[in-house]
Structures are given as structure tokens and as C-alpha cells.
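Report on the following structure.
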Amino acid sequence: MDCFIIGYDPVGAWMKTSDTVADVLAYRNTGGLSWIHINGLTGPSALQPLTETFNIHPLTVEDILDTEQRPKAEEFAGYLFIILKAILPHEAEITFDQISLILTQDTVITFQERPGDLFKGIRRRILDNIGRIRRMGADYLAYGILDSVVDEYFLALDSLGKRVEDFEERALDENDVSLIADLQKIKQTLIRIRRIIWPLRESLTSLVHLDSTLINLELEPFLKDLQDNVIQVVETLETYRDLLTGVMEVNLSALSNRMNKVMKVLTIISTIFIPLTFIVGVYGMNFAYMPELNFPYAYPITWGVMVLIAAGMLWFFKRRHWL
Amino acid sequence: MDCFIIGYDPVGAWMKTSDTVADVLAYRNTGGLSWIHINGLTGPSALQPLTETFNIHPLTVEDILDTEQRPKAEEFAGYLFIILKAILPHEAEITFDQISLILTQDTVITFQERPGDLFKGIRRRILDNIGRIRRMGADYLAYGILDSVVDEYFLALDSLGKRVEDFEERALDENDVSLIADLQKIKQTLIRIRRIIWPLRESLTSLVHLDSTLINLELEPFLKDLQDNVIQVVETLETYRDLLTGVMEVNLSALSNRMNKVMKVLTIISTIFIPLTFIVGVYGMNFAYMPELNFPYAYPITWGVMVLIAAGMLWFFKRRHWL
Amino acid sequence: MDCFIIGYDPVGAWMKTSDTVADVLAYRNTGGLSWIHINGLTGPSALQPLTETFNIHPLTVEDILDTEQRPKAEEFAGYLFIILKAILPHEAEITFDQISLILTQDTVITFQERPGDLFKGIRRRILDNIGRIRRMGADYLAYGILDSVVDEYFLALDSLGKRVEDFEERALDENDVSLIADLQKIKQTLIRIRRIIWPLRESLTSLVHLDSTLINLELEPFLKDLQDNVIQVVETLETYRDLLTGVMEVNLSALSNRMNKVMKVLTIISTIFIPLTFIVGVYGMNFAYMPELNFPYAYPITWGVMVLIAAGMLWFFKRRHWL
Amino acid sequence: MDCFIIGYDPVGAWMKTSDTVADVLAYRNTGGLSWIHINGLTGPSALQPLTETFNIHPLTVEDILDTEQRPKAEEFAGYLFIILKAILPHEAEITFDQISLILTQDTVITFQERPGDLFKGIRRRILDNIGRIRRMGADYLAYGILDSVVDEYFLALDSLGKRVEDFEERALDENDVSLIADLQKIKQTLIRIRRIIWPLRESLTSLVHLDSTLINLELEPFLKDLQDNVIQVVETLETYRDLLTGVMEVNLSALSNRMNKVMKVLTIISTIFIPLTFIVGVYGMNFAYMPELNFPYAYPITWGVMVLIAAGMLWFFKRRHWL
Amino acid sequence: MDCFIIGYDPVGAWMKTSDTVADVLAYRNTGGLSWIHINGLTGPSALQPLTETFNIHPLTVEDILDTEQRPKAEEFAGYLFIILKAILPHEAEITFDQISLILTQDTVITFQERPGDLFKGIRRRILDNIGRIRRMGADYLAYGILDSVVDEYFLALDSLGKRVEDFEERALDENDVSLIADLQKIKQTLIRIRRIIWPLRESLTSLVHLDSTLINLELEPFLKDLQDNVIQVVETLETYRDLLTGVMEVNLSALSNRMNKVMKVLTIISTIFIPLTFIVGVYGMNFAYMPELNFPYAYPITWGVMVLIAAGMLWFFKRRHWL
């Protein structure tokens, strides 16, 4: 587990890193705002200094440590507690990382499931005094953190979008089972992402409706904007799902058509040659008394009859638009 | 970027065009109403004179410049902010154009994503004093602008409707994969249009419910009428989708039927001739002792048997309604 | 355009017809109630006398003349405005007729899209003093008019119901594409009817909730009854849609079964005779040294083997329940 | 039409039957509670004594006589009016019977569509003083009547459940169209039952929310219990529908599998013997100069080649898991 | 029937077991809290001592004894009544066990349908004074009991999840009907579980909204946490259902593909050899005058023609991507 603490006010900002929560807590900023980040979760005992200092409810600690939580936002005495999931796109596979956030009057505490560095951008904005972040309250920092997680969603969506488009081209040509299996895999990824983002939308709504004193009125347009982004992610996911459904329909239809064409070729060849083969079979019989066999023009006449039959068949298929 | 400003009051109206926002702002009408239109978006710096004059929130500027926004209506201090999408039907392909609108007490500011001339009609109505527009407030002008965007939707719907009807005729005859691929394309167009119009409905509702002082009570029936139009567009889109689903079902069913007929022809020809070919094969064997071969009437009798078998088969197929 | 006006009070009733709205307006009943009906719509100018007398909002006039409106109920200053659709069952095809209704304190004005005589029944009830209509207010007249339109729906439903039942019988026997095409047509009719009736339900609800002084408390049970009827129409339509879906499933399943049977016949005939044909082909070869050919019992033995093979095949098919 | 009236109070109970409503009304209990039941509906005139005595609204009378009503609960001046449907399971076919109930302060009036004896149980409970019914008010009697109707639903569900289970066994073996047709029939029965029970749930909710003085506070847990039962009926119906959908999927899949197996047998037999038949055909040709024909070991070599080809084919099919 | 009673307060805890409810009631704790558990249900008479002591409503007793109840939470005079279902995973089959819970100010009474020992964990937590349970009220005990039931759901989900994953692997290879039948069975299990858990969510919501004095404000975050767990169970079930639907689609698509390949092999073999067999048949005819037969190079030329035809066919299949 490694942690950092950032202290800042409109005038200045500093950052300390350490391996233990207690160390980091010692640096807590009394005048200005503090952001404590804990990377990688080990157990309740490691968090004890935090829970005591900020008077955190045991259920909150349980939720932080249980990485299978749904996104949610809850108000407890003295703090707001928010859980959401970050998307980590590792090549083809998409994995989720649980981010927990505690917002008090002058401190934001964040917990990340696995070691990583999601918040590089926002850290630089504080330390280098970019934008308005230094002049705003702890609630704006919390917003900034949520916003940078949601921005990651869009990156993940883009790479998903490219994979969906690839399928559209493959659907017309391929008819391998692997296409369908791949489709199912990407569909499940869509469903999984949707499932972690959908509750986020609700929790943002509840954040606004909680009417907590911890959130400034001024922050409302920002939260609404965040909510709009989340809705847009969900809608894009739905567009992708519709596209995939369309891909499957096209693929199924292509398969049926191909089967139909195969059947037609078989039928045309069979129905032309089966009667002809019968005719030549007739004159291959060894009966002692078959008058035709000795008739001089029998052979060319037989050929003529067979050509006529074949032509008739072809005309029949033409009329039925099978050719 | 090119802009224009129109100033008007019940008595008169004038219009100025320019390349910069600052130029156009200088002409702002003090006594009456002003409409500032900015065509094509470059960056936040070009909009700076506007944002300063009208005290526009940074999030609004961001939303205006980000052309991937969902339609929405929001109230900020001193102004209402509305985003919606115009449909530009370029032949077969449909593209969207983001329109942003800011409504203050005496000014309407509109931003259009790409250069174009969507608002020719409403401009003429102001300048030539057609209808009631000159006697009404800035909110009515905003309504007029929204209304002319929604009217474009109906034109786009009409051309879509014609393409959907074409499919109905093609579905019974064609069984090419291209039909399904085309169907999927038009279906996606429907989905895309629905996705930009659906939130518009909500944002119109929220406009009414905002209860903003910027919108007159008198305007309410007009907004409701606009909302009715938007609902009608959505319902027409759904009708089209139902029609397309029906087209697919008819096409699939036609394909199955054709396959069934192909199979029947194959089965009838095969089942009639395969047994006959066996019989003629029997008498083509070269066994030294085959008494039938020397029997005088064997050949015509064989023919008779074969005709009987064929007739029996045909009777069997007739009874099963395969012919 | 032809119009009529009916004046009535508990004591008496009279009716005048004319070609112009102005004529009819002159007869307006001052003491009692008036019902003005305008048949066939030409343009806004023809309605001008009405709009002036009753102070009708320009949007209402627009809605009356635009025959593509969704059913709705709106309150304006001094009157209620209701739009609904009448169903005109012309043989197989179903067409809609837009009915607009304006309800003031003492007058009901109705507009019908196309010339016709939908309201014969209610006219007679007033003129012949049948039921309570003469003793009730203008709101009851409006209710009566709506009710007679909704009653027409039930007639249309009955004829649709008969056509749906016909399909149930055809689905098991027919496997023509025309069946599916017909099914789609009737399905679309159901969807179209549903789409004009669904909003009617909402508008009846809003009528009750408007709490307008134009509608008596006493009328509420009647409006609720009307709403119940509309819900019943919608539910019947849904039952029909479920029935049609069932019909399609039965038809598809029947088609698959038939295909399966065709395949089985082909397979049985082929798999029995193909090996036999091979055997007779073997002994039709012209090799100089084929010992079997000169063996005296070769021919009957070959027959025996072939009968055994055929019997074995039949036994195999029997065991697999293919026969 | 036959009617009965039951009068009761905590002390005693009596019952009279008659053919006319007027007769029965004469016995009405002044001190205690009365239950008037009318079996079989003829027309409004027969009900006149009732409508006058209890001041029943004309719409209520209409609803009682129209047996196509949806279940509903409405409050009128002086009484509550409830419509619901009883299920009468006549062997395989399920029919509905409309029950109307009027609840006044001291009287319950019930109307049954067709002659029958649904309420035997509750009658005995009153007359024999079983349970608490004699000590409770008219609202409890009404509850008891509704409850006995809902109890019948469970009986009907049980017999439906058995039929659904039968299908599960048939789905794997049968592939007749009749199975699908039967399935559709039972599905429609489920839909029809659901359609009459669903509104009952709403009307029970509205009964509680009406807050009528006719219903004691004490009755609320009983009504909630009734509502729970109705919800359970609806959920059981949905379970059955899911089961039927599953049955159809299994049946379709079984059909496809069987078709696939038929195709494989055909393909294996054909692909093995068609090439062999070609080979024997080659040596059945009558060319004057065919050197192989006179080669001494040609015949056994040909057999060897054919056995090799057949074995190769079988190996190929084995590798593809077709055998 | 066997029962136990546990009495506890912050200072101490004890437990008594007995066979009759009356015995157990005698030990009821007057100062502290009591938990009475009744294992296995026989009839209303056995519960009589309880119903009298705690003044339990007859409907509650009915609900406890009817093991087909939906989960619900209701408030009665003096107590809260909660029904939920425990999942007992007996190997492959999943069975449900109804748990009823009565919460009074100082007592929790639980009823379990079948004998078993679900609450071992919570019993130990009281008796060994683990966690906060001894310091909290009766409502916290009730929460603990509900929580331990919900925890069992997660165990059941895990074993279901493993079975679902097994299907994913089987779907690509197997095409037996048993796969679909198995799929249906597991789908029904999912549906059954969902049906008992869904209402639990509502009843937890209603518990919070009841605003009963029996539930401390302090308990609210615990109930919310419980509700979150229940939602997570439902969402996991839905994920499984989506996975199963995907499995079915993959399986169906694999089946279609296999059929398509079988058809192609049949078609390729047939269309190559049928024309060749016709040619060799021609020269097997016994006509007296067939000039080719005596032409010296006829035999090799015939072979050449046949090789050319076969090669042409193969080229044709190659071009169509059938090989």
C-alpha cells in the first residue's frame, strides 16, 4: 500500500508520499484543503487511523474493502461517501477498478482497489495551479476526481467502438462460429460496463438531491454536466448494442442466403442429371429383345431427347428465377 | 466564422453581418431585441467577447464547443441555455448539426456547428415583419428558432419514409444479403435520429417546468405545441421501425418459403428417379444366368412397372400437397 | 363545407343547416346551449367568424386545420380544446378522420376532417329528447360526442377480430408468403389504431385533472367510464397482436415441420436406393474376369442381399422414429 | 333470474330465496346486515327496485349489465362499486363470469353473470356462524366474497400448471404442428386470465386509497392480504408463460437437431456411394479398347480401391465428428 | 418442532432449548432482549401461546403457516412482520425455505419452515459477544438475521455461476437437445430465485419508509446496505440470464454452421460426380450403332473430359469460397 497527501489553498500546494496511512495523516493541512489517496487495499487495520480521525462508519469501511460494490453515493454523519468503478483498458480485456471517495468539509480521501496512477492529471492541476481548482472547495476536488474517472470511460468506449465496427465488415463474409462467440464476448463487455455505469447515474442524481451542506450550490452545474456525460456513455453503449444486434442479423441472414444458394446448386445439378442418368441406364439394360437398340438412329435420337430434357429443366429454373 | 446580428422592435428591424463576434456585438440593440448568430465554431477565444458581455458560465462555453452534446435545456444565472440538433439531409446520408441557443431578457444568441443557412425563413419573418414575431419578446424568437429546427425534422422524416416504403416492395422478391445490410443501415439512421430527438422532448418539458422569468406565461401553448411536434416525430420514427421489422419478417419468411420449394423440387425428382435408376441398373448386370433377360416381353413389362412406380410416387406427392 | 347548428334547452330543440359558418353563427342560442358542427375543412379564413366570436387561439386554429395531429386535450382561456380521431371502416381498409371539439360554457363546436355523418345518433337524441342529454350542460354534450366516436372503435375492433380469427385457420395449412404479407398488413393496422387511441387515454386523464370550471363534478363518472372504454379498446388491440404473434409462430413451426418431413422422405428414398444402385452397378462392369458372373445362383443371391440391405435400412429408420 | 337475501347480526342469521328482486328486497334487514345476491342478469327493468332503493347511478347499472367490463373499483355517492371476474374451469376450457358487488353501509349486493353457486362456502360461514364473519361489518362480508373469488383462481392455476408440465415432456419427443398449436392455445388462456386479474390488483389498491368511510381501518390488513394473493396469481401466470417459452425453445431446438441428424445420414450415405457408383459405371462402359477390362486382377483391385475410398470417407466423417 | 430462546443484554447471554413453544416462552427475558426461534411448522394450535402473549393478528399466523408466501414486510399493532425465503442449495437442486420474523420492542421471533440450522453464526455472535450485537436493540438482531439469510444467497449464486460457465464451453461443441433442456432448467432456477428476491427488495424499502418506532434511526445505513446486497444479487442473476441467452445464440449459430457445412460437402460431392456418372452411363448403353465405342482413343478422351469437368467444378466451388 502506498499513499499520498496533497495540501493546498489558493496560495500554495504541496505533496507528500508514504507507505502508511498514519504517516500521511500527520501532514494533514489544517488551514486549507487536503487530499489523501490510498492505493491498493489490504485490510481494516491499515485504515484504522483514518476511520478514527474522520469518524468513519464501520459500514463505510466494509464497503471500501469489498471490491464488488455497486456504485453508490451515501451521506453519513460528517461526510459523503461515493463508490464508483474506473475502467482500465488492458488491450482486448477490460477490467474494473473500484474507487471509493470520502468527502468531508476540508478533506477528500480516495481509495483505489489496485495500485495504479489514475489521477496524474488532477494532481498536476493542483500542484501547478492550472484552472480554478485551487480556488474552489473540497467538493470541487471530489467533482474533479469523479470527472477524471468518467473521462476514462470515453477512452474505453472509443476502443470498443472500433472493435464493433470491425464486426460490421466481418459479418457479411465470415460464417464461422468464432464470429458469434466473439460477438457474444464483446456484448458481455458492453453489459458489464453498462451495469457499473447505470447506478453511477442514479448516485449522481442522489448527490444533487441529498442537499448536503458539504456540496456547494455553485457545484450543481458541474454535477449536472458530469451526469450528462454518464448518460452519454450509457447511450453510446446502447448504440453499440444495437449495432451488434444488427451485425448478428446481417450475419444470420448471410448464412441463410448462402445455404439457400448451396441448395439451389445441388437441386439444379441433381434435377438435370438424375433423369438423364435414368435414360442412359435404360439403354444399358441387357434384355434380349430391346428393339430400340438395333434401330440405326437410336443413339443420336437419345442424345437429342436428353438435350431437350436438360434445356427444359434450365428453362424451368430460369422461369423460377433460380439461375 | 461568420456572424450576423439582427436588431428589432415592433416598429423596425435591421441586420448587420461580420466576420468577428466583437464587431457584431458592437451593434447590440439597447432599446429593442437582438439576435446574434455565430456560424461555425473555432475555439473558446473567438467567443470571449460574448462570454464576457453576457457573463456566460465556462461550462456553457465548453458545451457549445463540444459538438457531441445531447440536447438539453439548463438555466444559468441570467440566461437559459438550450442545445439541440438540426438534421441536414444530404441525399442518402443524414448528418446532424449542433445548434446552441442562449436566451437572455433581450437577446438571443445562436451557435451553429457548421456553416449553413438554417434560419433563412425566420430571418425574413423578422425583417419583413411577417406574423407576430416583431411584437413578441426574445422568448418567442427562441421558440421560433427551435420550431424551424423541428420543422426540418419532418422533411427528413418524409425522405426516410419513402426509403422505408421502397423496402416493402423489395422484401418479397429479393433475397440478397444487401437487402438486409441496407435495412440495417436505415434502421441505424432511425436509431440515431431517435437518440437526438428523445432528449429534446425532455428538455422542452424542463423548459416549461423551470418556471424561469425569461419565459412568458403566454409562450406556454407554443412550447406545448412544439413538444407535440417532437412527440409526433418520435412516434413516426417508431412506426418506421415497426415497418422495417415487418419487412425483415416478410423477407425471412419469403426466404424460408423459397428454400422449402427448392427442397421439394429436389425431393420429387430424386424420389421418382432414384428407384427407377435402380431397376434399370438391375437389368444392366452381366450375370450369366438372369432368366428375365431372355423373356420376350420383359422389356415392355419393365417399362410398365417403372411407369407405375412413377405414377404411384406422383400420387403420393399429390396427396401430401407437394405438387 | 356544410355546417349545422343545434340549439336546445330542457324544454325544446331546433336545428339549422347552412354552407357558411357565419350563417350558422347568427342562429346561436342565447338562453340555452348550442352545438355548431363544421363538416370538411377548407382554410383559416372560413373559420374566421368562429375564431372571432369565441376568441380562439391561433394555435387552436392551426391544430384544427392540420389533420395530422395526435389526440390531445388542452385548456385555453375560456374554452377546452380536444382533438381525437374517428375510425371509418371502409371495407378492408381503415381510415382515420380527425375530430376537433371546442367546449365553452354554453356552446360545443365540432370540426370534422372529411364530410360524413358520424353524429346522427346524438343529434337524434337531442332533437327527440331521448335520455338525459337535454337536461345536462354543454360538457355532457361534449361527453356524448366523444362517447359516440369511441363506440365506433368497438365496431372497427369487431371486424378486425374476425380477420384475425381467419388467420388462425390459414396459419396451419398455408405456407405462402402472401400469408405473412397479409399478417404484416393487419399488424400495421393494429399499430396505427393503437397509436391514435393511446394518447386519447392520456388526454381523457388530463381532462379530469385539469379541474376546469367548464366540466361539472357530476360528469366525472361519465369521463371515467369513457376512459375505461378506451383502455378496453387498447387491451383488445393488444390481445389481437398477441394472437397474430401466435399465428406467426404456428405458421413458422408448420413450415419447419413440413421441411423436416420433405427432408426425411428424400433421405429415406436416397439412403435405401443409393447402396443398391451401387451393387447393381458392380455387376454391370465388363471386366473379363469376374467369377461371380458365372456362378449359377449369383443373381438370386444378389437380390437377396439387396432385400436384406433395404430391410436393414428400414429397420434403422423405424428405430429412429423416422417412419 | 333467482335471488337470495341473507340477513345477519352477531346473534342470528336467516336466508330467503325468491325469483324477483322486489320480493327479496322486502325482507331487507333493518337492524343488522343484509346480503342480496342476484343470479343471472336479464335487463335494467328487473333491477329497478334495487336501483331505486339504493339510489344507484345509471352508469353502475350499465356496467352491471355489460358483461365485458374490466375489473374496477369505484366510489359513488353512498356506495362502493366493484367489478371482478370469476374463473369457471369447465374441463379443458376456461370461461369467465362477471361478478359485480355493491357495498353500502349495511348491505352487500352481488350480481353474477350466469346462474351458478360460487358463494356456497361463505353462505355457510354466515348461517352456521363459522369464524368472525357475523361479528364484522358489511365491508368484511364484501372482503369475504372477493376472497372466495380469488381462491377459485388458485384452483384454476393448479389445473393450468398440470397442463404446462405435460408440455415439458412432450416438447422433447413430439415435433408435430399440433404441439405448437396447443401451446398457443394455452398461452392465450394465460394471457386472457392475466388480463382480467391485472386490473383487479389496481382496483384493490384503489379500494385502500379511496379512504372511503364504508371501509373500516380494521379491514386494511385483510385487503392487503387479498392483494398479495392476486399478485401471487399474476406471478404464477408469468412463471407458466416463461415455462411455455422454454418449452417452445426446447421443441424448436429438438426439431433443428433432428433435421441436422437427417441431413448427416443423407450426406454420409450419398458421399460414400456416389463416387463408388461412378467407378463401377466407368467399367460398365462398352468401349472397344479398355485395357483394364482384360487385366486379370482388375476386378479385385477395383474392389480394393472402392473399399479404400469408403474407408477414407468414413475416416473423414469421424474426424469431423459426424459419426 | 424444536425451539430455542436466547436472552441477552450488554452484560450477559444465555440460551434454552425445548420442544414446545410454551416451555420456551416461560424463559422470556424481562430486562433485556429475547430471541425465540421455532424450527419446523406444525399448525396454528402449536403457536397459540405465542399469538396470545404477543397479541399477533390472525392473518400473520396464517401467513407464517402458509409456506407459499411472497417476501413482504408489514406493520401490525405492536410488531413488524417480515417474510423472506432462504435458499438451501442441496447439490444440483435449489430449494427454498420460508423464514418469518416478528419484531417487537424487546423480542425477535423467527419461524423456519423446515428443520435446519441457518442461524448458527448469529447465535454464536450473541453468546460469545462478538461484534456489537449485544449492545444494540432488537431491531439490530432482526437485521442480523436478515443479513445472514441474504449472505446465503451469494453462496447459491457462486455455485450457479460455475454451472453457467460450464455451459459456455459446452455450447460450441455439443449440439444435443439435452444441452438446451439443461439450459432451460438452469434458466428456470434463475427465474425462481429472482422471483423470491425481487419482492424482498421492495419489502426492505417499505421497512425504511414505514417509519416505525420499532426501528432505530441508527439502523438505517444497515438496512440500506442490506438492500444494496439484495440489488446486487438481482443484478448478478440478470448477468447470468444474459450469459445463458448468449450461450443459446452461440449454440444455435454453431448448429446452423454445422448444417451449412454438411450441406456443402453433400453438394460438392454430388455436383462433381452426378455429371460424371451420367457420362459413364452414356457409354454403357448397348445401342448397336455407337461410333465412339469403336474409336481407339475414346476411353482416354472420356477420362480427360471427366477430369476437366471435375476440375471445372472444383474451380467453381473455390471461386464461391465453398472450399
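Chains: A, B, C, D and E, in written order; residue numbering restarts at 1 for each.
The rule is short, and it goes like this: a contact is a pair of C-beta atoms (placed from the backbone, for glycine too) under 8 Å apart; a residue touches a chain by one contact, two chains touch by 3 or more.
Quick caveat, the model's predicted, so the values are computed rather than measured.
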Any chain touching chain B and chain D at once appears in the list C
Over half shared or under half: which fits the residue numbers at the contact of copies chain C and chain D, same or different? different
Between chain B and chain E, tell me the centre distance in angstrom, where each centre is the average of that chain's C-alpha atoms. 41
Round to the nearest whole Å and give the separation of the Cα centres of chain D and chain E. 25
Two or more partner chains touched - positions in chain A: 259, 263, 266, 270, 274, 277, 281, 284-286, 290
Residue set of chain B touching chain A in the complex reads 57, 59, 62-63, 68-70, 72, 74, 76, 175-177, 180-181, 184, 187-188, 191-192, 195, 248, 252, 255, 258-259, 262-263, 265-266, 269-270, 273-274, 276-277, 280-281, 283-286, 290, 292-294, 296-299, 302
Seen from chain B, its contact residues with chain C in the complex are 172, 221-222, 224-225, 228, 231-232, 235, 239, 242-243, 246, 249-250, 253-254, 256-257, 259-260, 263-264, 266-267, 270-271, 274-275, 277-278, 281-282, 284-290, 322
